[in-house]
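Chain lettering (A, B, C and D) follows the sequence in which the chains are written, and residue indices restart at 1 in each chain.
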Amino acid sequence: MNFPTSLTYWSHFVAVAMFALGLLGFLLRKNTIVVLMCIELMLNAVNLLLIETSMRTNTPDGIILVVFVVTVAAAEVAVGLGIVLNLYRLKGSVNLDHFKSLQG
Amino acid sequence: MEAFLPVGFLLIFAVLLCIGLFTVKRLLGPRNPLASKLSVYECGVATPEGSARAPFKTSFYLIAVLFLLFDVEAAFFFPWALVYKESLVQGPGLLIAMLVYMGLLVLGLVYIFRKDCLKLN
Amino acid sequence: MEWTDIIITAIKTAVIYLGMVQVVPIMLIVERRGAALMQDRPGPNRVGPFGLFQPVADVIKMMMKEVTIPRQVNKALYLLGPFLVLFPASLVVAALPFGDFFTVFEKNYPLQVANIDVGVLYILAIGSLGIYGILFGGWASNNKFSLMGAMRSSSQIISYEIPLGLAACSAVLWYGHFNLREMVYTQEGTLMGVLPNWGIFYQPLGFLLFFISAFAETNRLPFDLPETEAELVAGFHTEYGPMDFGTFFMAEYMNMATMSGLMVAMYFGGWHLPWISDATLLQWLGSRNLLAALQVLSVVVKISFFMLVFVWVRWTLPRFRFDQLMRLAWRNLIPLGLINLVITAVIMYFRGAA
Amino acid sequence: MREILFVAFSLFTIGAASGVFLARNPVYSAFSLILSFFGLSGLYLLWGSTFMAMIQILIYTGAIVVLFVFVVMLLNLQVNRENPSNLLTLGISAGAVWFFSLILLRVLTRAIPNKIPEIPTDQLRTISKLLFTRYLWPFEVLSLFLLVMIIAIFAITRTQEIPHGGEQR
């Protein structure tokens, strides 16, 4: 097996690995802020795939989708961290294990 | 993309400069550490009180959030500014589009000032 | 790309970068002598003729001083802090145009590190990374003064980034280009026969906004809240040793030079001499490289002028208070930036329609 | 040349991304996040999308992560002591992910030809024009969306003080 040099291959590799890392972090980490960071990682993995496809097939629509994703990600982070701050104010912690009041 | 290659050179030079500064600091500076020399700097008190790692107020967070949202909005002005000049022959469509966009942005600003969210007054 | 191209580009980059680094020692003496001039005292005048070797002495002093790493710091980020500031400050230089072309072996090379077609965006983007050094350095120092200084400094920098971006955006709008080189090309010639055809005459408000924001971005005096020595000791670099302080200092001066260079390229005609077009000059001088040298000289003179203004303002204006600073950014500069954008767009529309 | 750079940036990006996932201190996570976004913008650049590379640095690295760092520093958490078995799980799963994604991709991308695209010269203008013609309505809605976000955030953080906090200025 020769060493892969295809740009597409590496983009897919990075995208999948990043998405998986983000997903794992999202599921396993306890710190809410780090969980939000991992969501960003997942979004960026998708962005990379979109850009890769859009550049490879020469359709600029993908890049515009990425622009929209970035905007929504910004808003998501802003609100998400606002909620984290409020939770910290209420519970004095950002550990996800401490936020169990909605558990039945 | 080729245009960015010289930036790589610049990157290398910057790294070299950083390494140089770091080694110069390491090699030339004398070292005789003392306990009081290595302690936290405080003004007026002999021993520092409490940790520096204590929570702040959230008003810094509000500034950062506003910056984030306005930065995103301002980033959309750039592609608009790029094509505006050429679109002038096709009538005021782009101007109106941007005025609507900016109107909503201004509404946001007015809201901030009205509610005095940044505690500016 | 051939080997000669690569080598010449590397040399060009090295020369431009070293030139930018040279700003630091020059500004060291200029700033101290300038302060002395404004305060009616002699200033440093002992080392060498007129104290010209003072920067050398200063640098040697910084190098020979003791290095202390306080006990409470997070070592990795603490050591990285100054370089995180210096790094973006170095990279930003890439997009600045210093002149048209120079010719080596019958081949033209642009007098610019990289002719990036998203130049303005590049400078804004990389320039905004500088705050990480401040934030991480301040946090890693694990000192109340440092953290407070870092938070203040970064909220100041991010607040003023928006008016800076809006002012740059209206310049982009006017020229229809992101590329700084293209912007400079448009500024050749005269306006209504008397004025040089410079951006400042089309974008006076934009220039003012950019100028004010540039002061805030580089943490210079009317806005040097991070360092307010009366309140915060030394701001985010309280716990740093002399050489690290020197690194922060270097980054500050390089940022100043870059901001000046950006202002020159966007509003002051870049390498153009006022009233004289490049073609005429080329005819007089007869040599492309001579013209390039003249252009570089012109840019350097313009940048030096702005650096002097930086010094002048520093010793003239008193410092703002934190809430005044924020009010200035959010209440005045950002609405003004939007108004400037609208005015420019409307004027362009009517000019285009007529 | 381009391939080498691409591989280097890819590995850098993934390394930094695993740093986000593995670092115990959220400040180091944020730092890794910056590095990985930087690597990503390098990848975008190598794909020829200069505009997106700049937007990535301007918005993601220059604004979103700033917000993360601000919050981490505002809360100033003591390093979270997650129990060691948890950390071990983290490390093992990260390794497994690397391995499986490698194999998965070898299979998935076999069909795609190895082709370096020719980059259209004025892609920037194409994108911008598209944004203001075909995507004009989404664009306007986006502005409304951001306005709503501003209001929402101030509604959420109406009560400002964090208890047992230090003084602000």
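Note that a residue touches a chain if its C-beta (ideal position, glycine included) is under 8 Å from a C-beta of that chain, and two chains touch if they have at least 3 such contacts.
This one's a predicted model, so the numbers in the text were calculated from it and none came from an experiment.
> Which neighbours do chain A and chain D have in common?
Joint contacts, listed by label: B.
> Taking each chain's centre as the mean of its C-alpha atoms, which one lies nearest the mean of all protein C-alpha atoms here?
Chain nearest the overall C-alpha centroid, as shown: B.
> Does B-C or B-D have the larger number of C-beta pairs in contact?
Higher C-beta contact count between the two pairs: B-C.
> Find the geometric centre of each of chain B and chain D from their Cα atoms only, then give the gap between the two centres in Å, rounded to an integer.
So the centroids are 16 Å from each other.
> Once you find the CA centre of chain A and the CA centre of chain C, what distance in Å lies between them?
Inter-chain centre distance comes to 34 Å.
> What is the distance, in whole Å, between the centres of chain A and chain B, each centre taken as the mean of its C-alpha atoms?
Taking the average C-alpha coordinate of chain A and of chain B, the gap between them is 21 Å.
> Hey, what residues on chain D touch two or more of the other chains?
Counting only residues that touch two or more other chains, chain D contributes 46, 48, 50-51, 55, 58-59, 62-64, 66-67, 70-71, 73-75, 119, 124, 127, 131, 142, 146, 149, 153, 157, 161-162, 166.
> Enumerate the residues of chain A that touch no fewer than two other chains.
Correct list: 67, 70-71, 74-75, 77-78, 81-82, 85, 88.
> Which positions in chain B touch two or more other chains at once?
4, 53, 55-56, 58, 60-61, 64-69, 71-72, 75-76, 80, 82, 86, 105, 112
> Got a list of which chains touch which?
A-B, A-D, B-C, B-D, C-D
> Quick one: which bits of chain D touch chain B in the complex? Just the residue numbers, please.
Result: residues 45-46, 48, 50-51, 55, 58-59, 62-64, 66-67, 70-71, 73-76, 78, 119, 124-125, 127-129, 131-132, 136, 139-140, 142-144, 146-147, 149-151, 153-154, 157, 160-162, 164-166, 168 of chain D touch chain B.
> Give the list of chain C residues in touch with chain D in this complex.
The contact residues of chain C facing chain D are 74, 77, 116-118, 121-122, 124-126, 128-129, 131-132, 135-136, 139, 144, 147-148, 150-151, 154, 158, 161, 178, 322.
> Provide the residue numbers of chain D that touch chain A in the complex, in ascending order.
Going by the criterion above, the answer is residues 2-3, 6-7, 10, 13-14, 17-18, 20-21, 26, 29-30, 33, 36-37, 40, 43-44, 46-49, 51-52, 55-56, 59-60, 63-64, 67-68, 71-72, 74-75, 77, 80, 82, 86, 89-90, 93-94, 97-98, 100-102, 104-106, 108-109, 112, 114-117, 119-120, 123, 126-127, 130-131, 134-135, 138, 142, 145-146, 149, 152-153, 156-157, 159, 161-163.
> Mind listing the chain B positions that touch chain A in their complex?
It comes out as residues 55, 58, 61, 65, 68-69, 72, 76.
> Using the touch rule from the top, collect the residues of chain C that touch chain B in their complex.
Within the complex, chain C touches chain B at residues 1, 9-10, 12-14, 17, 21, 63-72, 79, 82-83, 86-87, 90-91, 93-94, 113-117, 120-121, 141-147, 151, 155, 158-159, 161-162, 165-166, 169-170, 172-173, 176-178, 233, 238-239, 241-244, 246-247, 323, 326-327, 330-331, 334-335, 338, 341-342, 345-346, 348-349, 352-353.
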